[in-house]
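Working notes for the structure below.
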């Protein structure tokens, strides 16, 4: 099996995540899709670390996890705030600002 | 410069078994994430993808990351997601009907195109270098290797990440922490304030609940069963001081009730 | 500091002083502005007296670094062409100031703002003609739009904000095209002789044909919009109709001259080859402008629209004279700029007074004014006669020079242009008949004739119109050497007479 | 060449007087007319002085010049404001100032009731100054200034009573017709400059023979166009009739005696061009011939006394133009006819003015009749003028007209015969319509329909008429005595002293033919208009008469060919400007705006569509590299 | 054996000082009573920014690739950009300190009693200050980061506080929260793109440092490089709001508290462009043939789109958002120019645009009615009559955005277009010029509304600004005006500092 298969997987997962953001309306699910994209990127990093025979990629992946965790905290806080105001977590409901 | 095709980087057979077993499953799970109605199910499917990825990490000589992926990501982050899902209502289910016209079609088409092109591009690409794997880099242990990088090469980024963590904490607090707008009054405070207020009539406080009296003060006469006021119920001292209120004011007036 | 800089700064300083006067003492503001601008006019005349007529180089030069990163200098200097235009500006401004006392009160912000804007505009007008640094010129060229914009929008009438916007956008568009060309010139200069905006140095650039043509077009379209040449003219009638008469005088009398001035100073001096290439096209446009403007003027019902279209016709003459590339054409075009400034000023100011008295700008609302207000009628008549280039009045000399100069190179254009003088008779005589002649129309019986202030304001203009008709020599002497130099430097010589001397 | 400092004064005096009268406003009401008249007389005096001075010099040294200042000097174009008085111009100077002064005197009385009399005199003086400049200018450009100046004066005077819209329109019409002529003059000057590098008469004359005939023909044709405009020649004749809207002295001075003859002056002055340009000369003949008949035909049908006289003027100028077209020999006769015509036509116009004065400004001859006995002096002087114009010997008209007819026949060949016949026919018609005018006005029944009897005009009006009548009687004889005028003018107009190649007919035959022609016209007129007439013009008339009444459809023609198409062109252009040119500008704005409005809708407010936009953007980028690397 | 890395603290000090300020701010939040917090927080913020500025001045001539191992590059351009950010932040913090614009208590549900009582008690959410300082530090780091991970971390460090700050508007809180949500989701989305691209860059070059990527260029197959450039660009283009990654901009600009919008519009642009310039000039310069056409097209689309859509806006903040999109297009010309002039021009442009933007948003905070800021342009009608000075200032800024000569905008545009022309991108210049003409349309329309239309009877008025806002607005105005008339100092400085160490 080619190592590149990991990259294909990564690309597929990234695409799924990207399209998930577009098609899902629950803000939390949308956010989860973004997490999926970050994971896909991480997979690419880890794979490339193997290809490149250095650990930089893994370090980046590690950073990504930390950063993602922080992002999750902030993001979920924002989502909760919205939920408390509107009683809804649908991103479509948050569409007053337009045009 | 070596210019080798991608397929030079071959993996060992067990790893390919693992891959061919897990990769389709994780893709399925990821797709499922988009298709299932309930957010909780999505979260579980995502957890599954993450665990699969963790296994892949481990398979690719990233033992430490694999563990962290499970512990931090799947364990902590996903739990946070679930927690918030619980908070906003676990049964809240997303209607899968699209209400922005044409969006879904375009999205799917572009996703297919996007993924297809990416895969096509990757298939055309070459790594351009000999792949030696991570055996050398991990010779001192994967965690050690990472640690060394983290604390030397990337130490500044590592330090700055702390700012991120603080921001996250601070942000969560700003949005969630409710400062009590009033300080709690103690009984003593209430009592003092009652007596400081104007006339003494407030000093006694209001009647307890369930008492059918309009007033509960020492200067107000009690009512007799007939509804008449009983002047004698008031302390003579008050009467002498002139602090007594005219008791007839408090009689129940039948004629009014008849109306 | 060069005297030029001093004169350029004086209006700005005056503006600051005027700003210090309380808005309510409008009388003081008006008088102060008039005195200040008159003084500036007098001082500016000393520019002419101290001017070395024999030299074709820049005089009163001054150059100080301004934006050193781009090698942009505050560089000013004048030759004959710019000198007469500066004089035109400085002399017209006090006249406009004196002529517009009531009109300044009628605006949105009162007399103080009006005169401050006029003074700022004066500085920019002087600057734009004095700049010998391309960038500096552009700055004045564009910045000038802003005070005019506020003058039209704030003190105009009718559909003024739309007109102001049209004016500004149109000019800005042209200006931006020119900016693209300026950048091109700057970059080319950077590659060839080192980054510079110095006009004299830029004139020495060797630019390949295609690039030169494009750069030329950038400049030319900007100037063609400014000096409105058909088909870039549609902003002018709107602006002139909406603007107050005083603003219109400065707009048509001076500002639009920047366009024709720019054609000489920049299009021809910087891009002689491209000028040559485009001359047939430009002459064609100029001829169309002459005839088209005249026809449109005949069709106007609004007196301000009429004057605007006559100006389009006149600008056609000026452009034709410039691109005829003969000394007569060039000098004539230059002289035309000055003369048109004065005759249009006269027309607009008097038309303004007529409209102010009558409360209408529709030609049909007037009638019989010669009997009611003879002095006003006379001045209007003389201004009109000047506009139709009656011999003996100033415009004739310039129009004749333009036509003669054009004929020697482009006879057909000149002949068609000459037909314009018949149309000129129509577009001037028809409104004169309708406004000054005929029975006195109801509502005009009680119109008052020119007041002393108005007489004082218009007298010098009429005087200039008459004197310049008979004795244009002093101005021609200033213009001629420079005009000849421009033609020669562009690689042209006058076509020789077929026989005789 | 001799210089003289008097020439400027000739012009400057009337010019300044005009300016003073205009500028001093009502203050000058009491003395304005006096000043103007004195100034005019002074100019005349200077003219006389100059004439005698000139007369005293030898042929070669007669011309004097005066350079005033450098007017325009650009490159090779150098035009001085400079004046030149030669044998040709002195004729005009004397005519202009002489007749002008008489008309000033006449006007003092004629205009005495007009509260704008001062302005009238200002205009008159301005006219005199311009006309003098026209004839004194030493270059085409200087001439042009005077040329337009008289146009302006004519405009102002025709429109003197411009409160009447019709009069204002007439003034405008005159100016515009003149302007069309001016186009010709402008172009002629341009061609001249391009050809000779000079615009002065002397300079061009010197090199005229070196230029190609094409250029000279072009210049000649353009000059002819100019002459047509100013002299009301076909096809630019239509303004002259309307110009009678002006006060009668104006008609006498400007539209009979002086200004309208400027075209003749121009062609005569440009003899060095026309002599080298046969095609242009031929055109001059054609124009002159057509106009003399055209004017004569119109004149037969006019009931307005001034218009009848105007038509006659047109016709007589046609004679002059025709004469100028006859080459070196014709010029002098043209000038002679010009001068004699100046006298008799002026006197007749003034006489007509006198009649109108007596008839309360009535101009319709059908409402006159039998005035002769009430206004004997007017009738007499008018009669003298009449005899002069129809060419009865020994009145002045006979001498001049006869010479033209003779020269026309002598032009040779078919051309000569055609021209001769035309001029003869003109003489017939002239005799007819002038007789008609005289009969309808001064003889026959009284048809004015009110009881106020017309009274003879005051002396101040009659004296000038009388003086002019003397001119009508004697001028012809004086000028032709010993070929005096011809010889006088010869250095200017015929330097080579050409003579008739051969005489087609002996002069005496021609004179007899002319007399016969005059008698025919006269007799027909007497037969037709003897006895009582009615005050109404007959309704049922022949096609020719109704056409002549309508000026042979000249206005209809202009209206249909120029005015209406012009008006519709303007209408089209107005729409074009708004819809197409400005529309383009507006549509750019509108397109930007609607693009903005449309693109704005991309901003749906849905975060998911924003994400989609990003995906599509990324997709586009990925596609690009996919294509690029393929 | 782990060898302790050596950090050159003096060079990192500007960032560290700001971070320290933030941390002290957090401690103040934790331990000090709320009455004194606003003043103390403001003092800390200003103090740390000034200190950072002073430190930047100290190190102005330094240049180092190894100040923090290899994570950051200290060079002239970086120092200029950092100084720009700090200066802009100083002006912004004064606007932010005017708490009138911020929610009293973010956790209170909009419209609840709790919110009302928080308002009554004049509560203040002073956490804004440390969040602000974190953002500033992140931005400063973003401009000097020289490897992908530091870039990513810096991106998040300045983004996360902004996500939060965007949601803290006092009025129209639902809109504000919505803005925060949109900003956050799309921001995270773009981060994911950035990260994905980084992975491919790493895969291509085997390193994550920009110089490493640059050095690896040309080793044959550059598909990974291209994928990497594309995806990293998406992340960065999002931050500078280039079309089609711009869509968050109008919504967030409108919904966020106006001082934050100003801060975001000015400083984020500087930081993001600083990073873009560094990445493209340093990391991708070798592969310019591939990316320059792409960025050129994006620049063109961005200029045109921003200018066109701005015409159709009725809300002044949205209009400025689209204007900022158009300006991003202009600035991208500087990126495409890929020469020293382009860099210098971009530096100047960012500086000038930053102050003009801050001043503009500062003025917007002043235009109010009884319910708060009025951003509906229809209600700005006739403002010129009510308060000529403020209107004139705003008009001046609009003219500056439009690029009328004698304003800083013009000098910037000239500089950037001449750099683009010099690099041969004439199409960019032409389109830029056209877009400027379109853009002038809406700026001028606003001026017409303000000055030439009579006020309708409404209660919009200009409040008398607090001394803090006043200082900020006046200072920004003075800088804007000075940059128009005498830009030489800043231009020369920008030119001297236009240097990336590779």
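Labels A, B, C, D and E are assigned to the chains in the order they are written; within every chain, residues are numbered from 1.
Please note the rule applied: contacts are C-beta pairs under 8 Å (C-beta built on N, C-alpha and C of every residue); 3 or more make two chains touch, one makes a residue touch a chain.
Note that the structure is a prediction, hence the values are computed from the model and not measured.
Undergrad: State which chains count as neighbours of chain A and simultaneously of chain B.
TA: D, E
Undergrad: Could you run down the chains that neighbour chain B and chain E together?
TA: A, D
Undergrad: Which chain has its C-alpha centre closest to the mean of all protein C-alpha atoms shown?
TA: Central chain is C.
Undergrad: With centres defined by CA atoms only, which chain is the most remote from chain C?
TA: When every chain centre is compared against chain C, the largest gap points to B.
Undergrad: Based on mean C-alpha positions, I'd like to know which chain lies farthest from chain A.
TA: The chain lying farthest from chain A is D.
Undergrad: Would you mind pulling out the distance in Å between where the CA atoms of chain C average out and where those of chain D do?
TA: Chain centroid spacing, chain C to chain D, equals 36 Å.
Undergrad: Centroid of chain C to centroid of chain E, CA atoms only: how many Å?
TA: Distance between chain centres, rounded to whole Å: 44 Å.
Undergrad: Please report how many Å separate the Cα centroid of chain D from that of chain E, as a whole number.
TA: Result: the chain centres lie 78 Å from each other.
Undergrad: CA centre of chain A versus CA centre of chain E: separation in Å?
TA: Whole-Å distance between the two chain centres: 25.
Undergrad: Give me the residue numbers in chain A that touch at least two other chains, ranges are fine.
TA: If we look for residues of chain A contacting two or more partner chains, we find 7, 14, 17-19, 21-25, 30-31, 42, 47, 49, 51-54, 56, 59, 63, 67, 70-71, 74, 77-79, 81, 91-92, 94-98.
Undergrad: Chain B: which residues touch two or more other chains?
TA: 100, 103, 107, 110-111, 114, 118, 121-122, 124, 127, 129, 153-154, 157, 161, 164, 167-168, 171, 175-176
Undergrad: At least two other chains touched by the same residue of chain C: list those residues.
TA: Only 169 qualify.
Undergrad: For each chain, which other chains does it touch, given as pairs?
TA: Listed in label order, the chain pairs in contact are A-B, A-D, A-E, B-D, B-E, C-D, C-E, D-E.
Undergrad: Which residues of chain E touch chain C in their complex?
TA: Residues of chain E touching chain C: 344, 385, 388, 399, 402, 404-406, 410-411, 413-415, 417-418, 421-422, 426, 429-430, 433-434, 436-437, 440-441, 444-445, 448, 451-453, 486-488, 491-492, 494-495.
Undergrad: Which part of chain C faces chain D closely enough to touch in the complex?
TA: The touching residues are 166, 169-170, 230-231, 233-235, 292, 295-296, 298-299, 326-328, 331-332, 368, 370-371, 374, 378, 385, 390-392, 396-397, 400-401, 403-405, 407-408, 411, 414-415, 418-419, 421-422, 424-426, 429-430, 433, 436-440, 470-473, 476, 480, 483-484, 494-501.
Undergrad: Could you pull out which chain A residues touch chain B in their complex?
TA: Chain A reaches chain B through residues 1-9, 11-20, 22-26, 28-29, 31-33, 35-36, 39, 42-43, 46-47, 49-56, 58-59, 61-63, 65-74, 76-81, 83, 89-90, 92.
Undergrad: Touching chain E in the complex: which residues of chain B?
TA: Contact set of chain B toward chain E: 1, 3, 118, 121-122, 124-129, 147-148, 151-157, 160-161, 163-164, 166-168, 170-171, 173-179, 181-182.
Undergrad: What part of chain E is in contact with chain B in the complex they form?
TA: Touch list, chain E to chain B: 2-5, 7, 12, 19, 22-23, 26, 29, 34, 68-72, 105-108, 114, 117-118, 121, 123, 125, 127, 130-131, 134, 137-138, 141, 147, 149-150, 153-154, 156-157, 160-161, 163-164, 167-168, 203-204, 206, 219-221, 223-224, 226-227.
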